[in-house]
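Paired with chain B in one complex and with chain C in the other, chain A is shared by the two complexes that follow.
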Partner chain A sequence: MDSKLLKKEKLLPLLDELRKEFLLVAPVEEDALLFYRPVESVAEIKLGSGRSVVPPKEWFFPQAESLYRYSTEGGGLVLEETLAATPAVLFGIHPCDLRSFAVLDAVFLQEPVDRYYTLRREKTVIIGISCTAVCPECFCSAYGISPVEGTGADVHLSEVGAVYMVEVLTPKGKELVARYQEFFEDQVAGVAEAKEARKETLSGQFTVRVTVDGLPAKLGSLFDHPYWEELSRRCLGCGICTYVCPTCHCFDITDVCRGFEGKRFRCWDACLFRDYTLHTSGHNPRHALYQRLRNRFFHKLKYNHDRYAIEGCVGCGRCVALCPVNIDIREVIATVRGLGE
Partner chain B sequence: MNPLLPKPATIVDIIRETGDVKTFRVVLDDPEEMAAWTHKPGQTAMLSVFGVGEAMFCLASSPTCRDWLEFSIRRAGKVTSALHELEPEAKIGVRGPYGNHFPYENMQGKNLLVIGGGIGLAPLRPLVNFMLAPENRQHYGNIEVIYGARSYGDLCYKEEVFRVWPQAPGVSVFTTIDAPEEGWSGHVGFVPAYVEELKPSPENKFVVICGPPVMIRFTLKALGELGFEEKQIYTTLEMRMKCGIGKCGRCNVGARFVCRDGPVFNLAELKELPPEY
Partner chain C sequence: MKELTESLRQEASRLLREGVEVFIGYAAGSLQASARPFFATRPEEAAELVFNPFCVHNLVKYLVRFPDKRTAVVVKGCDGGAVSRLAEERHLDREKITVVGVPCGGMLERERVLAQLPPATRIEAVEERGNTYVLHTARGEYPFEKKANLAAKCLVCVRNNPVGVDLLLGKEAMPVADPERDPLEGVKAVEALPAGEKAAFWDRVFGRCLRCYACREVCPACSCTQCAFEQAVPGWQQGAMWVEKAKNLPDSYHYHLIRAFHVAGRCTGCAECERVCPVRIPLMLLNQKLAKEIEALFGGAPAGACGPLCAYAPDDPDQFA
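Right after this comes the complex of A and B.
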């Protein structure tokens, strides 16, 4: 792995250069909320930002996207794929969200690969950024994620004093750094150590210690436990936890058409919605809210692990921060671990 | 290859099976794609009515039928009602085939018991016709079919059930309807009771069963009492699906996706899964 330095004052000029070549997607503030959006000017970028409200997965897997257009004019049928991806740089991704891409990759890159996701993923260079603070809801360390590590990024930046330590992690990252080498300097002594020290400081700041050891197996014995019904009594079934979850990948496919022209598109869906599993016959295998809430926690904490051998939660804390009735996945994990069988 | 993009296809024929079930014969518009199409008994495919939506159906035709694909569809929801409105020559979309299949390889040298209720015979029919195809018949033993519906009018595939299958060597067909009816001289009663009455032997046999949940539940009880083991009995699950390729999430039962890991499961496998289907 190569290490470089980037002086802080050179970051925006670098991003500005990147913007000329790539579509630059970066954290921006809209109505005091943070999103990842394509930017026209680097002045829009919110540097030093924390966690976005909607996770950056929406760059690879948009909230709604067209799959193809169709025309049924004159009794015929013409289908036209609407598959498009521009070479892009996705800037400022925190370690928890970097991990989430690996979780989504397990779903979308598995055969048969999802062409829409794959194309965007292939054409995007990811620049990660270390956290400088720990949010009150964060618990990424439970999943072995360090707030200063860039696994999953092509290039990763860690703020250390007046510079960013630059880790070049993939061939894609290497190509990018080589192409814009005039912005980078050689690594100097002490920077890597300073980054390690930051890791120490940050790991002391997590407000809640979460342990997930043995959780998938434990949950297996708790499917019928009354806890899920109790927990669901305050759940509104609003689905916000799924919309802000960086690893939720469920979607619906539907049509919009006018006359003979139409398009088929997909949009995010949520397992907490009643009609998500509703059969045409009227039968619903998860008709009760407790069954749907249980399915969500089982998916995050067990099924994903069982199916893909990667944890379905990254500890970003978004669902904790935004649940209107304070259902806290950290509390669920702790309770479940303490339950008798 | 974009797995979410359907192949344009044409409905070439529509057969009315019952008051609310039609069988659609479908041909892919690209002759090369039609020639290259292969599926296995028990697999499914996604049908599109453009402007309305997509839904998953079992393939009701045998893989040995190379001229068209068949789907038997009960009018029930948005997509199925739109399909029922269509006439021959109408254009639809097809993508698939999806999912696993009945273990016809392991069934070689064995007898088969087919138990169907109403339109539940649709996913089992390809297996029967596959085994009855001249090139395959020698590999399989006797086939017993126990098939019931609410009334005579609700029995699907009457030509096969009453004529083609009973005439085939080594095949016995037992039909029943729920209540007596004028002109019906056959058995009257529910499927589970008929199974109890017929007492099929579990010897060297696989069972495939599909039908209304209540029929399945009581029939399984009867089969258990007759000495059938869980690993001998296969069924096929239905779930709401959108993508068919294990991405959209909704058809999960535990960590398994019915679209990819199913729809065919034996009872032993089903017992390992949470009862959410």
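Right after this comes the complex of A and C.
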């Protein structure tokens, strides 16, 4: 791994250069909320800590995405695929969200690969950024994620005093740094140590310690436990926890058709919605809310691990912060670990 | 607030012993400065109930989930109206429900509290001292003056003492409304915008709607058993739907306008839709605007518990449609 330095005042000029060559997607603020959006000017970028409401998975797996158009004009059938991706730089991704890309990759890059996701993924260079503070809902450390680790990024920045320590982590990252080398300087002594010290400080800031060992097996024995029904009593069955989750990846495919023209698109779905597993017959194997809520936790904490050998939660804390009725996955984990069978 | 919590626990325990099957109230939440809906089914569980200025949730909608059970529900002044409305619309059997009213001195805006409390400080007790809530913590007392820290709806509230309840706990609450503040301030500000800016404002806020439907799920006026936005039809028949399943701006406008019109005249102003919204869409602006128009159009008309929009008279001079 290669390591460089970037002076703080050079970050925006660098991003401005990148913006000329790539579509630059970066954190922007709207009414005090953070979103990752394409920016036209680097002045729009919100630097610093803070968690976006909608996770950056949106960039690779948009909430609504057109798959193809069709036309049946004149009795024939014309299909036109709408597969397109511009070379992009996704800037300012925090370690938990970096891990979430690995979770999504396991799903979308397995054979047969999802071409829409793959194309975006291939054409995007990811610039990660270390956290400088831990939010009260964060618990990424439960999954072995460190708030200063760049795994999953092509290039990773960690703020250390007046500079960013730059870690060049992949061939894509190497190419990017080489191309814009005039912005970077050589690593100096003490910076790597300062980053390690930051790691220590941050790990002391987690408000709740969460342990997940043995959880998939434990959950396996609790499918019929009354706990799920109790927990679901206050759940609203809304789409918040799934839509803000960086690893949720369920989608639905539908058409919009006007006359002889139409398009087929896919859009995010949520396992908490009443019609999520509704069959054409009218039967729904998860007709009760508790079954749907249980599915969410089983998927996050067991199925994903069993199927892809990677945990389905990254501990970003978004669902914890945004659930309107305080269903807190950290508490669910602790409760489940203590339940008898 | 200790006495109120105490009498709440006592009454809940008594009701659960006397045949109430589910008592819906609040318990402490897992996050700092939070509470959560709580369902007690056994008298012992009443010990978990609390009431404090973090009990923002309107619990009334949960009643719809227990049509066959004897229930009791805790309501604040702004929540209570939803019970009679839902009963009037025959979504609830009022006979089966014990409505427990709690006088309310206002709810603290959680974000403001968090901004002022040191991180990870556990709140041990909440004391209401006139126009101030004092949060007692291991690191000392933190006073929160109501005028500066209450939720927006509370600063204009005149319903601090619930009416139409079966049981009223605690002492009468002092009104918290700030007489200087116009309840329709926000609505008027948007009304005053030039058309272009008004459109830009709604484009911006609706543009970030996730269509997670939390605002619908929480709303006691959104009581349809089959929602217009949730008709499960196969993909190729989606054209028959009111809105596309995909998130896009025109359909989000469509969703919001239909939602606002469906709850018009039935919204009781609890502001839960706005509270739950993960992207802070100011839904109350729409609800208040419609309430204002209804007041202007039918303000003087006699109306039942159901409000002027569902009052019916055979000699009504206007056609129904």
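Everything that follows uses one rule, which is that the second predicted complex is superposed on the first by the 340 of 341 C-alpha atoms of A that agree within 3 Å, B and C clash if a C-alpha of one lies under 4 Å from a C-alpha of the other, contacts with A are read in each partner's own complex, and residues count from 1 in each chain.
Just so it is clear, contacts are C-beta pairs under 8 Å (C-beta built on N, C-alpha and C of every residue); 3 or more make two chains touch, one makes a residue touch a chain.
This one's a predicted model, so the numbers in the text were calculated from it and none came from an experiment.
Q: With both complexes overlaid on chain A, does A:Y180 touch chain B (first), chain C (second), both or neither?
A: neither
Q: One more residue to check, A:E81. First (chain B), second (chain C), both or neither?
A: The answer is first: A:E81 touches chain B but not chain C.
Q: In the overlay, answer first, second, both or neither for which of chain B and chain C A:Y290 touches.
A: Neither partner.
Q: Based on the superposed arrangement, let me know which partner A:P324 touches: chain B (first), chain C (second), both, or neither?
A: A:P324 sits against chain C, while chain B stays out of touch.
Q: Applying the touch criterion given at the start, work out whether A:L278 contacts chain B, chain C, both or neither, answering first, second, both or neither.
A: both
Q: Going by the contact rule set out at the top, does A:I253 touch chain B (first), chain C (second), both, or neither?
A: both
Q: Identify the partner contact of A:V107: answer first if only chain B is touched, second if only chain C is, both if each is, neither if none is.
A: In the superposition, A:V107 contacts chain B only.
Q: Is there a shared patch on chain A that both chain B and chain C touch, and which residues make it up?
A: Residues common to the chain A contacts of chain C and of chain B are 252-255, 257, 264, 278, 280, listed in rising order.
Q: Give every residue of chain A touching chain C within the complex, in rising order.
A: Within the complex, chain A contacts chain C at residues 30-33, 35, 53-54, 63-64, 136-137, 205, 207, 230, 233-234, 236-240, 243-244, 252-258, 264-265, 267-268, 270, 273-275, 278, 280, 320, 322, 324-326, 328, 330-331.
Q: Within the complex, which stretch of chain A touches chain B?
A: Residues of chain A touching chain B: 67-68, 70, 72, 75-79, 81, 83, 107-108, 110, 112-116, 223, 249-255, 257, 262, 264, 266, 269, 271, 276-281, 283, 285-286, 291, 295, 298-299, 302-304, 306-307.
Q: What part of chain B is in contact with chain A in the complex they form?
A: 1-6, 8, 29, 48, 50-55, 76-77, 80, 89-91, 93, 213, 238-240, 242-243, 245-250, 252-256, 274, 276-277
Q: Along chain C, where are the residues that touch chain A in the complex?
A: Against chain A, chain C makes touches at 29-32, 34-39, 57, 62, 65, 114, 119-120, 204-205, 208, 210-214, 217-218, 230, 232, 234-236, 238-239, 244-248, 275-276, 278-280.
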